[in-house]
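Next come two complexes, and both contain chain A; in the first it sits with chain B, in the second with chain C.
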Partner chain A sequence: MPGQVHNPGGLQKDLMATVIVTGLLVWLMPMLISTYTLTVLIIYGMLGLSLGLIWGFGGILCFGQAAFFGLGAYSYAIAAINFGESTLPMILAVLVPAVVAALLGALMFYGRLTDVYLGVITLVVTLILFKFVNSTAGPQYVIGKARLGGFNGIPGFQTLNVPGRPEAYIWGDAYFYVCAVLLALVFVLVTVLLRSSFGRVAVGIRENETRMSLMGYDVRARKTILFAIGAAIAGLAGALFANWGEIVTPSLFSLGQSAEIIIWCIVGGLGTRLGPILGAAGLAYLKFLLGQQSLVDNTLITGLILVLFVLFLPRGIVPAVSGLWQSRIGRGRRSRRPQTRRGAISRERFNG
Partner chain B sequence: MGETVLETQGLTMRFGGVIAANNVDFKLQARELRCLIGPNGAGKSTFFKCISGLQTPTEGQVYMRGQETTRWMPHEIASLGVGIKTQTPNVMDALSVFENIWLAARRFHAPSDAERKTQEIIERLALGSIARKDLGQLAHGERQRVELGLVAVGDPWLVLLDEPAAGMSAEDVARMTEIIHELNKTAAVVIVEHDMQFIRSIAEKVTVFHQGAVLMEDHVDRVLSDPTVRNVYLGKKA
Partner chain C sequence: MDLSFVILVEMLYAVSSLILISAGLAVVFGMMKVINLAHGEFMMMGGYATITAVNLGVNIFVSMLVIAPITVGLIGLIVERLVIRHLYGRLVDTMLATWGLSLFFIGLATMIFGNTTTGISTPIPGFAIGNFQINGYNFFIIVVSALLLVGMLAVLKSTRAGLIARGAMQRPDMAAALGYSPNRIYMATFFCGSALSGLAGAVLAPLVGLVPTSGGAYIAKAFITVIAGGPSLIAGLFSSAGLFGVVSQVFTFAISPVIGEVALLVAAVILLRLLPQGITGKFFKGKL
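Our next item is the complex of A and B:
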């Protein structure tokens, strides 16, 4: 609630919690799962968070978040081949998707498109990118020294190195730590953003656009900015993914990828910061496990999970668990806070 | 009085072949309170939407404090210091009363001031007991009151209200009247209204709309006793 938002202690507590939880997870998880697998789960978590931010807190349902993920990955790969060093490519991988999203967002939001059309346009843009990149196999598709490679993708680019030292590669466990720290940083940035006036206005816009504009807020500009921030995070995840896989292919732009991100958010819990990350990491790990057997197709299982969640846990895991937790705790404090359950939702809703 | 805060010249709104507002010339002075009345379909609400930026008039101009605002968007008009309340309660249902009003306050005040201003409005409108409740949980009258809070918290100099008393109990209406009078101490107020009792209790000068055009503009008592106006309301030929 706002009172808590203005309480600087609240933010400090949040930051402390993030540091402690990140530290514990980074320490404990490698005992259960290989760091190589964990790295990609972290990357997917970041991708989930990017959509969770704009959809869960801004009400922008983007069917094409994979487009920004892919753009980030391709920007990194192309720039890395040309520069032979990873620092500038990493920055470009964040900037290019953000700029593309700002342009696309401005087009959609200033054109006053309604939600359905927004979904259609983002979907179509993803399809166009997928088709285009797929068709760039010929030698004429070159950016600088980098061939786009069509359906074969781009292999063999410079992977992440210590800034300024191209020969000092960051890989293996070190790369896992870098990704974990970056996800924690993005999480903190999202937290700060949601606690700021900008974040709270975004929630207001999600709830009632007309009212917010009647109160003097330029809804179009704010949605465009939020959309671009989401794309920047997706782009960073894309670049990290490119480094992890050491190859980028058009499948990054695929509809399947876009759909998966949406499912992560629904299962994890929309309107929370943690939900999309957990949903992404959990479902991606499940997919990884299912990929090791050939009895059932893993898309069937993902589909089944989505159906079950929509039917029985439509708000997702995180809101359900925190609601349960609050009602347990709340029993003792009922006299002080009569509507604990709703209060819990409302805090999460405004503060993330 | 003196300064004209709102003026329209030849404001016309067509929807296909239908003329919803027809060549409306309208003037409102600073700190004036004006009611717009008329039977259903008379064009009051269309006129309201045109001046608040929710619709762009087909012809004519709108001026606010001398500045032309004809094609402005609602947020640009609101940014001038105009408080707008639409016909149906237009609030953030999933947010609390405090959150709703804070969002409105934040637009015009720095974060520290916004909090104080929000508390002030909550006290002024006697919303303290429900401040932490979500708008979706509130009764219609309370929601309307909160929406007036959203309007009031920006310290507007012009307030546009579309049917603020619709569907409210007598007690709520009395409270609403009080709040509007309070607002009127610092702002000019335009009210679109159906409820004759409410109009009698609040208005001095009234503008009567009929078939998209201004039929009459006068003191409330003279307007309501005017045979033409009575005929229009009862649906007889004037």
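Our next item is the complex of A and C:
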């Protein structure tokens, strides 16, 4: 069951389930949807998971997860143009966002900023990046051989290749399998992380920060590390997206992109690992389908979905369904439902 | 001499427009602790209301100062009744729901007005000071936002409605015990906040080409100004708009407009790192 990561000993069962489900999906899904579309759904799933980890389990509401997504994509594109080979750029695309997030996180968490203020700072940093990258159209903005290109973005970089062989591109169906395996790997890593003591302390911090710090845990350092891990995953997703789209543009940093990631997490379900992935893939596919008609505007429906979910199903689909499952078929072991950070915030009076 | 006058006017204008675009959000946040992320879209709708009214033949000042605020205020009332009132006290949920609303309104405006730029010309001509040309409309914006601040202060300080509103702001339970329904007060407050957003959007409409997504340009600035201002409504608004307006204009004149925008944002990050409760969390405590 998603959410019950505190049950020790079930790790092997969890890993088996992940492998089997991934295998089945990778085998069955291409019969329904083209692998080109599936690839981007997987990438969005990974992006959703990155926010789902830090928000759902760490209680850090980041309004700027798109910043790390964009940073990953741009790091990859710039490095790929300079090196002409994709292995090092992929590693950089994970490291650069992680380092930036660690610095930003240290700035915020050591300043003991919480909810709204955290939101403002992450939002502002995203805006700064967006504005800056948008204004880099001139020829003086060059990193190595790569021109930043302003709002036109960077096209024509080396896409993913077999490590060490720049001429052996990985594309089409093969790229789909690579992305699927990477998502499964990230999912497993997140599972292991959440089962480790670090993960359980992170959930403890989400529930009650003061209590955890009184118990002797360094809340600030742990939040910073978790934030950096989330950014690393988002960066990986960004690099994969750059490879998929074969161009990176400043819209990767946009507020709309950040909003979408948050919506995926809400709809899918916070405090679960599967929820954000399913939310991301599901909503992105819905958007894809809606994009094929022109009767109703796409943004209108996205907005409506968010409002309706916040009002009627604030915990998201996955927790709701698994709750239903437990109450119908469950064997009487009705454990206390894990409370999400949003629930905790709502009880605290906001003292402005 | 001429240049310094122009720079002074530009700075006043930057501060005033920040006050103008943040006022609606500040009222709603200061009184109700609700962050309305659809604020930018309320402004966008104010702009469209003005343009529609002007195209129907209404006088531009009437449509800006009367029709737009009332239209947007009514939209805000509907939104409050349908969505916001279910979410009072849940800060993050209201932010998410209003973010959803903002996307909804963008979609709606795109369906109604199309994804094209519309605009009206400024009703006040520009004039020359020495070698420099100044936009006369900037003075109008400075006057409107000064009147707005004075008006808000007057209403909150010296009218009965303002007294009730301030009371409900400090202790909603006490206000309820004295017979004033917080529910009603919140409804009225949200109406006023939305009307102010509509007014701001309408007044700024002649300066910008209006597209359904133009609300996004305002929301971040308004959000930053209000949060950095802190708990006091008017002192906070005035101090943070003053600070950010001056910072962004100094860098705009010294380097470039883009750097000016970035400097505003960097100033906000540094400010919040130093004063996490906003400016009035530390200074001017207890002022309005």
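Assume the second predicted complex is superposed on the first by the 321 of 352 C-alpha atoms of A that agree within 3 Å, B and C clash if a C-alpha of one lies under 4 Å from a C-alpha of the other, contacts with A are read in each partner's own complex, and residues count from 1 in each chain.
Definition applied: contacts are C-beta pairs under 8 Å (C-beta built on N, C-alpha and C of every residue); 3 or more make two chains touch, one makes a residue touch a chain.
Every value quoted in this text rests on a predicted model; they were computed, and no experiment measured them.
Of the two partner chains placed around the shared chain by superposition, chain B is the only one that A:Asp218 touches, whereas chain C remains out of contact.
When the two complexes are overlaid on their common chain A, residue A:Tyr177 makes contact with neither chain B nor chain C.
Of the two partner chains, neither chain B nor chain C is touched by A:Tyr169.
When the shared chain is aligned, chain C comes close enough to touch A:Tyr117, but chain B does not. Within the superposed three-chain model, A:Val310 lies in touch with chain C and out of touch with chain B [touch as defined at top]. Judged by the touch definition given at the top, the superposed model places A:Ile263 against chain C, while chain B stays out of reach. Contacts of A:Asn208 after superposition: chain B is touched, whereas chain C is not reached. Contact with neither chain B nor chain C is seen for A:Tyr141 once the two complexes are overlaid on the shared chain.
Annotation for chain A, partner touching more residues between chain B and chain C: C. Where the contact sets of chain A with chain B and with chain C meet, they give residues 342, 346, 349-350. Only residues 29, 33, 35, 83, 86-87, 89-93, 95-97, 99-108, 110-111, 216, 220, 223-224, 227-228, 230-231, 258, 261-262, 265-266, 268-269, 272-273, 276-278, 281 of chain C touch chain A when the two sit together in their complex.
Contact residues of chain A toward chain B in the complex are 1-3, 6, 197, 200-201, 203-204, 207-208, 210-219, 339, 342-343, 346, 349-350.
Of all residues in chain A, those touching chain C in their complex are 61, 107-108, 111-113, 115-117, 119-121, 123-125, 127-128, 131-132, 135, 255-256, 259, 262-263, 266, 296-308, 310-311, 314, 342, 345-346, 349-350, 352. On the chain B side of its complex with chain A, the touching residues are 52, 73-75, 78-79, 84-86, 90-96, 98-99, 102-104, 106-108, 111, 115, 118, 132-134, 137, 150, 154.
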